[in-house]
Structure formats: C-alpha cells, structure tokens
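Below are two complexes that have subunit A in common, paired first with subunit B and then with subunit C.
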Partner chain A sequence: MTRALRGQRLFWMVVAVVMPLAVVGSLAAGRYQVPFLNVLGILGGKMVGIGGAFPPTEVSVVELVRLPRVLAAMLAGAGLAIAGAALQGVFRNPLVGPQIIGVSSGAGFGGALAILLFGSAWATVGFAFVFGLLAILIVYLLSRMESQAPILLLVLAGVVTSAFFSALISLIKYVADPDNKLPAIVYWLMGSLASIGWVDILVLALPVTLGGLLIWGLRFRINVLSFGDEDARALGVHVERTRWLILVAVALISAAVVAVGGIIGWIGLVIPHFARALVGPSHDALLPASAVLGALYLLLIDDIARTATAAEIPLGILTALIGAPVFAFLLRRTYLTGWRRD
Partner chain B sequence: MSVMSESRTALPCAVVLAMAGLTGVAGADPITFTDQRGKLIELDAPAERVIVLPKPIPSMLIAVDGGIDRLIGLHPAAQAVLMEGLPGKLYPGIAEIDTSIVGEGFIPNVEAMLVAEPDVVIQWASRPEDRIDPMERVGITVVGFGYGSYEIEAEQIEIMGKILGREDRAAELLEWHRAVRENIDKVVSGIPEEDRTTMLFFDRFDSDELAVFGRNEFFFQVPAMRNLAFEAGLDQGTVTIDAEQLLKWDPEVILLNYYDPEADPQKVYDDPRFTGLQAVQNRRVYKTPKLDPGSHEAPLVWSWLATLAYPDAFDLDHRAEIAKQLEDMYGTAPDDGDLDSILQLSANGDSHRYGEHFGR
Partner chain C sequence: MIEVEDGGVSLGGRFVFRHLGFRLEAGQTLALLGRNGRGKTTLLRALLGLQRWAEGRARLDGSTGYVPQRTSTPFDFTVLEVVLTGRARHLGMLESPGVRDYDAAREALATLGMPDFEDRRIEELSGGERQLVFTARALASACDVLILDEPTSALDFHNQDMILSTLRRISRERGLTVVFASHYPQHALQIADQVLLMEGVEDHLFGPVDEIMTERHLSRLYEIPIRRVVLQPGSAGSVVPVFSS
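This part shows the complex of A and B:
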C-alpha cells in the first residue's frame, strides 16, 4: 500500500468516528438547556417514528432550530470547500476561492438589492442566484481572448468583477434606510445561519448537491487540468469546456450558500489546503476530503457563533478571524513543501 | 362678530405687538444656555428659522412650538416618518420643508444651509468634526444634542423651549412627564424585583433575523419591566440572537418595535418554534404604539407599557389621555381611526386584554 493510500484510509477512519460525534454534539449544544439523553431520544424518536414524551419546547429546539441549522452548516461548509478545491485545481493556483472569482460579491449584491427592494426571503434567494451567475458570465466575457481564457486573465477578471459588485453593495448600503433596511442588509452580508428553517435547507441542498456532483463527475479532468493546459489538451481534454463547467458548478454552490447564509468567506480558500495536506493532491481523494472537512469546520464555527454568547456572532467574522491566521501559517508551510514543487 | 368690534380689538393688539417689538429690539437679555456637548450658546432673540437634523427632534419642536412655522429644514428620513404619522396628517406642509441640507450620516450640506439662512441648527453632538465644525466655520449657530438617557432627552425639551422662547410650554411638558412618572411609580415601586414583569423588546422579528434591545431603556425602567437581554449582560442598542436564546429567556411579555413594518404578533403566535413560550401561550405579544418612547411623547408609552406589564394594577383611559396630549402637542385631536392606528389595534387586537384597555 502506498503512503498516500494509507493516509487516506486513516483520514476516513478518523472522519467516521469524529463526524457522528460532531453532529450529535452540535445538536446537544445550544443556549437552551436540553438534556443530552433527551436530544438522542428526540432524534431517535423521529427516526424510528415513535413520539416520545419530551417537553414540546425541547422537541422544537432540536427539530426546528438545531437540526436545520446543523444541516445547513454542513451543507454550506461542504459546498464551499468542494468549490474551492475544484477552483484551485483548474486554475492551478492555491490562492483561488469562490470569493476571488467574483461569485460571492455578485450573489451578495443580488441579495442586498432584493432586501432593499422587496424584503422577501424568496426574492433574496432568487436575486442572489441570478447575480451570482451574472458575475460568472461577466468574468467569462472579460477573460475570453481568441476563444480561450488564459488563467491569469481569468483571475484578474474575477478580481475586477468582485470589486465592481462590492462597489454596488456599498452603493446599496448607502441608499438603504438606516432604520430598517440597512441593518438587515449589513447583518445578512456578514453571514449567519441563525434563522435557517427547513425551506432554506431545500434551497441550499439542491444546488449544492447538483454542483457537487458535477464537480465530482469532472474530478479526473480536474486532475489532468492541474498538470497545465498544454498537457491536458495533449491528453484530449476540452480545456475550455471543462473549466467553464466547473465555474458554473461553483457559481451554483456559492450563490446558494450566499442566498441562505450570506457571505461566509475563507472556507473555500483554506479547507482544500488542509485536505491536500492530509490526503494528497489527487482530486478523487481531495474533493470528498474537502467536503467533510468543510462540513466539520463550518459546523464547529457555527456552534461557536450560536453558543458562545447570548448575542449571535456573524459567521463571516469568525471564519476570517480563525481562517486568516491558519491560512498564513499554511501558506508558509505549503510554499516550502507543496506548490513550489511544480 | 362685527367689523366694529374687530377693529376695536385690533388696535390694542397692535400696541401690544409694537411694545413687544420694542423690548425685542432693546433685547437686554440674550438667550444663553449650554448645549449637550458643553458649548455655551448665545442667541439674541428666540430663533425664527430652525433646522433640525437629528431624526426624533422635529416632532419635539412641533410639540413645544405648537406648529411647523419655524421648522425650515429637517432630515429626509424624519420627514418620511412624520408624514406617515399624525403630524403629517395635521400638517401636510411638512412635505414641503427643505431636506437638502443634510446627507448620509448626518453630514450637513453647508452650501444648502447657507441658502436656507437658519438662526439655529440642531445637530447630533457626536462626531463634531464632520457634523458640526463645517457649519460653525461659516458662522452658523449649532446646538449639539446628545442621546442615551432620559435626563438628556428631558434637557432637550428644556433647550428647545429656550431656542424658541417657549420655556412655558417646555416646563408644562416636563411637569406632565414628572406627574405621569409619579403615578406609575406609586403603583409599581412596591413590587419586589423578582415579581416584576420580564420582557424582551424586539427591533426586528422576522424570518431572517431576531434582534433585541440590549440596553435597559428608561422606558422599561419607569413601568418596572425587567429587560432579560440587559440582565444577561447585553448592553448594545440592538443585538441579534438565535431562536434558542429567546426560548431560554422565555419572557412574560414580548414587544415588537413598530418601526419594523413586518412586525406582527400573529407571526409570533403562529411560529411553530415558539409555541412553548409563555408570552405566546398567554398571548402577551404586542406591537408598540406609534409613539416615540424616547422623546416628549414618552409618558404615553410609559403608561402603555405599565398597563401591559400589570394589567390588573392600572385602569387608565389611554385613548382620552393620548387624544388630549397629542392635541396639546400638535394642535388637533386624533380621531378614533387615528387612535386605533396609533395603538396598533388591528395587530394587537387578539392579544391578552388589549381591547379592554386600549379599544374604543
């Protein structure tokens, strides 16, 4: 057995133990005191279909407040991490994430605009999607030269698009009514899963699953693409088409996450590095590993956000506060050991 | 009334006015007071042209002055709020008042100010380098207003009386504040701390966000209500919490700020997450009345809250009192439809003992 394979096996063994613990632990943690055994009882009762005799408030805390929130955190974390891993692979660049290529800002602008104009949750979701995809389209048009898109130009087009939509977000904040709309917009943009309900789970699950499966289906082509465009072409891969399929999948996932939870940064950037260090660079191992690590990471962060103080802490702040220093550390290490080997 | 009698009364009036004018010119006593950033302000005479930038203050000016004639500029958001409420109905002219004099973040538009030629501009005292200094540099008299406590708000009424030369009316308002407070205090001061009604005041309560008032506002203290968010250590204006935290606190009364157009007690009653709350089971969720709890109108809100907190201890005629006070402030009494709207009767009608205390 190769060393990489042994590492992967160990990784999945650890995940198999840690994951269920993290989920149950998260369901048992919260500001409202629900005895641990009751949490298990309520969940068990739900699964087996026996209505246990638990206090109704405890049941609604577990079923209507915590369960959707735990699921949302895991879905969003997994989605963002897969998206980040795929982007880093196709762009052969460790500094790329959904935020860099402009999707997050585009979706953020769409959502903020919807809050300003309509104030309905459905409009927010719809607008976030539409503008997330629009951002990708703009990046595509900006970066196409002579029927292909050089990687550097693509990343720069992403930066430009992102800056443009950020400016539009500022404009919306500027014109929004400071007593009513502005706090809602600011709060939503900072990212939070505090008000997740079962409907939100649906909105999140469909695109994330779809995008995730698309990326998973392209995993071997991403491997080939990460050797470089010339080699990939020589091996018969449609470089352009694959890259754009990946971008659309990433847009789908990011827009869904932004629509439901606001802008949650850093996960798509940081988690794939962790995963790469643990299971190696091949995407058939890296993508699932990124997904579970992303899910675990955002679950943990969201647990902190909802339990640390009586007030909610915005997710965007926590992911950046923890993500930035960890990333800086990783950057130094991986630069010395990993990416420079190219 | 005959033509003769009109001219007979007109003559002495003219004499009195002329004399008043003379003493005004002689102007022995300029008006002096210290504003709320600690600066000594001197006016030669009561101001005739006043611009008010802080949003809650224009209605205070109207209440002290009994009209809008001297209000020549205000914040566009304040104009919108006034136009939606009773003052806008009584004084449609508010829609015509200049709003070009202020921009985002209460930054004054100095050139528009100079065109408007105000005698006095009332402005927030915080961040003076951006908000006040540009006006003072061009010679405009600025009165700084603070915020954050009842004492500050009460002093603003007093200052407003001085600016307008209506100290009598300001004193009358403050005396009414004192009397209402005293009457509520007589009832609630004997209630021991642990028996006081617990509550949470939500600034936003919708599918996206639950945000509570963390500060222990004066208008909670007068009716002896315990703000559980404040007791838990929060101290900011509005703080976002999650549903579990609300379930944990489980207040006796839930209040929804009328500023939030989506706020509706029925939504709280219908939310499956909150069926276990005692405020939901006892139907004690209320949308607050369209009255400003932090200004001259505050006593009306104190009485409203005291009645909700201790429905057996108070039996006040709220509608009559609100009608009388608003008539004194704005010149015309609100009709029954206005009162229903001010008291949120359609939103609160199904809540515990609401119709009994506040209905027609």
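This part shows the complex of A and C:
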C-alpha cells in the first residue's frame, strides 16, 4: 500500500472512533447534563422504536434541543469546509474561503434586512438565502467584463461585492432600533446555532447536500483546474463553466449556513489546509476528509459556545479566535512546502 | 497532419507573426527556432486552440497534447495524480478517472520509463523527471500531436539527452506528430525532420532540417556567427555559436 493510502486509511479509522464519541458527547454535555449511557439509550430506543424508561426531560433535551443543534453544527461545518476546499482548488490560492466571494456578506445583509423589516425567523432565512445568491450573481456580472473571467478579476469582484454588502449591513445597524432590533441583528451576525429547530435542519441540509454533491462530482475537475486555466484548457476542460458550477455550489452552501446560523468564518479557510496535511491534496480524498473535519470542528466549537460560560458565546467569535492562530501556523508550514512557488 | 496557410496572430493590436505557412505530415517532428519574443510560444498556443488566429487558416488533424514550458499547481500531487489529469478530455464533467484512465496513465508512465514513479510526489522530482511526468500526462491523453514548449530548457546535458531520445522514441513507436519550440538548434538537428525558423514578424523559413539549418540561415536568425561542425563522422553534427566575448 502506498504512503498516501496508508495515511488516508489511518485518518478514516481515527474518524470512525472519534466521530460517534463526539456526537454522543455533544448530546450529553450542556447546562442540563444527560448521562452518556442515557443518550445512547434514547438514541438507540428511537432507532428500534421502543420508548425507553428515561426521564421525559432528558428525552426532550436530547431529541428536540440538542440533536437538531448537533446536526446543524455538523452540516454547517462540513459544508463550509467542502466549499473552502473547492474554492482553494479552483482559485489556486490558500487565502480563499467562502467569505472571499461575497456570499457571506450578501447573505448577512439579507438576514439583517429581514430582522429589521419583519423580525420573523422564516423571513431571515429566506432573505439571507436570496441575497447570498444575489451576491454571487453580482460577482458573476462584475467579473464578466471580459469574455473570460480570470481569477484575479473574480477575487476583485468578490472583494468589491463583500465590501458593498458590509456597508449595507452597517447602514442597517445604524438605522435599527437600538433597544430591540440592533442587538438581534448583531447577535445573529456573530453566528449562533442556539435556536435551531428541525425545520432549520431542512433549510440547511438541502442546499448543503446539493452543493456538496455537486462539488464531489467535480472533484477530478478541481484537480485539473488547480494547474491553472491555460493548462486545464489545453487538457480539454471548459474552465469557465466548471468554475461557475463550483461557485454556484459554494454559494448554495454558504448562503444556507448564513441563513440558519449567521456568519461563521474561518472554517472554510482553515479546515482544508488541515485536511490536506492529513490525506494529501487530491480532491477525491480531500473533500470527504474536509467534510468530516469541518463537521467535527464546528461541533466542538458549538459545544464550547454553549457550555463554556453561562451565556452562549457567538460562534463567529470562537471560530475566529481559534481559526486565526491555527491558520497562521498551518500557513507557515505549507508556505515552506508548496504554495510559495505560485 | 498540420497545415497553416498565411497564418497570423496578433496580441494587443500588433502582429506577433503573420504570413506564416507550413505543412507537417503525420508522424513528423517539427522544431521551432527563433530568438526570444519571435512568437514561438504564441504559435504553439494557436495550434492548440488557446490563441485565436487573426488571419489565415490552420488545420490540425487529431487531438493535441501539450507540455508547457512551466506549469505548476500549488498542490503536491503524486505523479499518478498528475498524469491522470491528462485524461480530462475523455471524462464527462462529473466523471472521475476509472480503470481505463488509470491503465492509460500507468502505460504512459511505463512508456517514459518511469513505471515505479507513480506514488512519488512531484515536489521531490528533479526538473528532468518533472518534464517527463508532464510528457506522460500528454501521452495519457492519447493525443496524436504532441506539442512541447522548450522541453529541454533548464535541464542539464544528461537530462536534455534523455528528453530528446525519449521524444524520438515515442514519436516512432506511436507514430506521434511532434512540434517543439527550442533555444537549442542542436536539438532540432538531433531529432527534427522539419524546422521552422521564426526570424521576424513576416520572415519565416520552413523546410527539411538539412536544407534549412545552414550556417548562413542560423547566423542570420540569431544575429551572431554560427558554425556547423562534424566531430564524429556519421553523426548529425553540432551547431556551435561564436560568442562575441
């Protein structure tokens, strides 16, 4: 067996052990402690259809409060990490994450606008989603100034779009009622999965699955695109078309995540670097590894967010606090091996 | 077969070359020679369809495989992963390489004498080995025409010799048409059947190597005196530049 395959096998063996422990542990932990074995019993009982003899409070805490939240954290984390891995591949750039193409800001503006105007959770999700997709459309139009959209132009369009929507978000904060709406907007933007219900899971799961599957389907194309546009074209690949398919998939995923959980940064940026160091750069191995690492990471972060202090800590703060130094460390390492040549 | 009639390519409103014509039969090897900036790479890109012809007509039968002068990816792929990307044109948008593609990639590596290289990382390879890997990638695409941009630049003598003999061998074994640009006239002498000297925007000289690569033509092309000497009877001979200092 090759070195690369050995590494991948080891990675998945560790994941197979850690993942179930993390899930059950997350369901058990919290202000209201549910014993580890009871969690197993409740989940197991649910699966085989017997109502176990567990306290009803424990059952509802696990099933109605924590399970949706755990699933949401894992879905969002996996989605953002896949999106980031795909973007770094097609942009050939280690500094690219879902936030760079403007979708997060667009979705953030949509959500903030909905809180200002309506204050209903549904409107927030819907607006965030629509404006997230609108942002990618703007990026598309801006970067099509020439017949082909070179990478630099795309990144510039993303930065411009991002800045524009950030300004709009500030405007909304400025006009929002400071006692009521403003805190709601600010807390929502900082990212939280505190009020997740089963409906939100659906809103999250559908686009994340769709976008994730699309990116997974394009995994070989991403390998080809990482050699640069000209090279890929000479190899017979429709560069523009492929890149936009990936951008649409990324937009679907990140708009859904922002819609449900607010702006959770850094995961799409950091996790793929980490995964690459473990299973290698080829996207058929990298995408699944990023997905599970992203899921685990956000699950852990969300556990910290809801258990570390009496009040919830916003996710965006934690992911940045942990993500930034980890990223700096990883970048120093990868700079010394690969990215420097570009 | 490749045929270009009255071909011209312009970049930013200025012709890089025009009124260029040549005809290369299938299985032949063509060397492009010319000073920096005379449009060798541009011509290769136009043949590949990466650059639009501004005028004239060009015909190229069969599929092309490209070995660029420099290509890089920020990722440290394995050799096999790199060679597999050559299969892209045979795979649908959402398809990934299957058994056939792995077979083609491994066969290409074997052809280039690197069967046990597949798990090596490209970062650990030497310049010459890397050049071979990208040649293998082009071969894996099952191309009819192999187009190489300065395949021997930045390589030492040993590696130059290895690349040249490999090109000659695969051209014969597979009936490949080969087009390469080079700064070494010697290499044209060594393996090419035809040569195209790109002297000026509208000055081109095309023909069989023996006819075209005279001291007079080469000296005019490079604007320094060039001697052709035969050190070993029966060999292709050597091209020796007479530097001014």
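Quick notes on this structure:
As a convention for this text, the second predicted complex is superposed on the first by the 339 of 342 C-alpha atoms of A that agree within 3 Å, B and C clash if a C-alpha of one lies under 4 Å from a C-alpha of the other, contacts with A are read in each partner's own complex, and residues count from 1 in each chain.
As a convention for this text, a residue touches a chain if its C-beta (ideal position, glycine included) is under 8 Å from a C-beta of that chain, and two chains touch if they have at least 3 such contacts.
These figures come from a predicted structure and were not determined experimentally.
In the superposition on chain A, contact is made by A:226 with subunit C only, not with subunit B. When both complexes are overlaid on chain A, the residue A:218 reaches subunit C alone and has no touch with subunit B. In the superposition on chain A, A:184 makes contact with subunit B only, while subunit C stays out of contact range.
Every residue of subunit A that touches subunit B in the complex is listed here, in rising order: 30-33, 55-57, 60-61, 64-66, 119, 121, 124, 174, 177-180, 183-184, 187-188, 192, 194-195, 197, 306, 310-312. Touching subunit C in their complex are the following residues of subunit A: 2-4, 89, 92-94, 217-221, 223-224, 226-228, 230-238, 241-242, 245, 276, 280-282, 284, 337-339, 341-342.
Chain contact summary for the complex, subunit C toward subunit A: residues 48, 50, 63-64, 66, 68, 71-78, 81, 84-86, 88-89, 91, 93-97, 119, 123, 141.
Contacts from subunit B toward subunit A in the complex involve residues 55, 77, 104, 203-204, 207-211, 214, 229, 232-234, 236, 238-245, 247-248, 259-262, 272-277.
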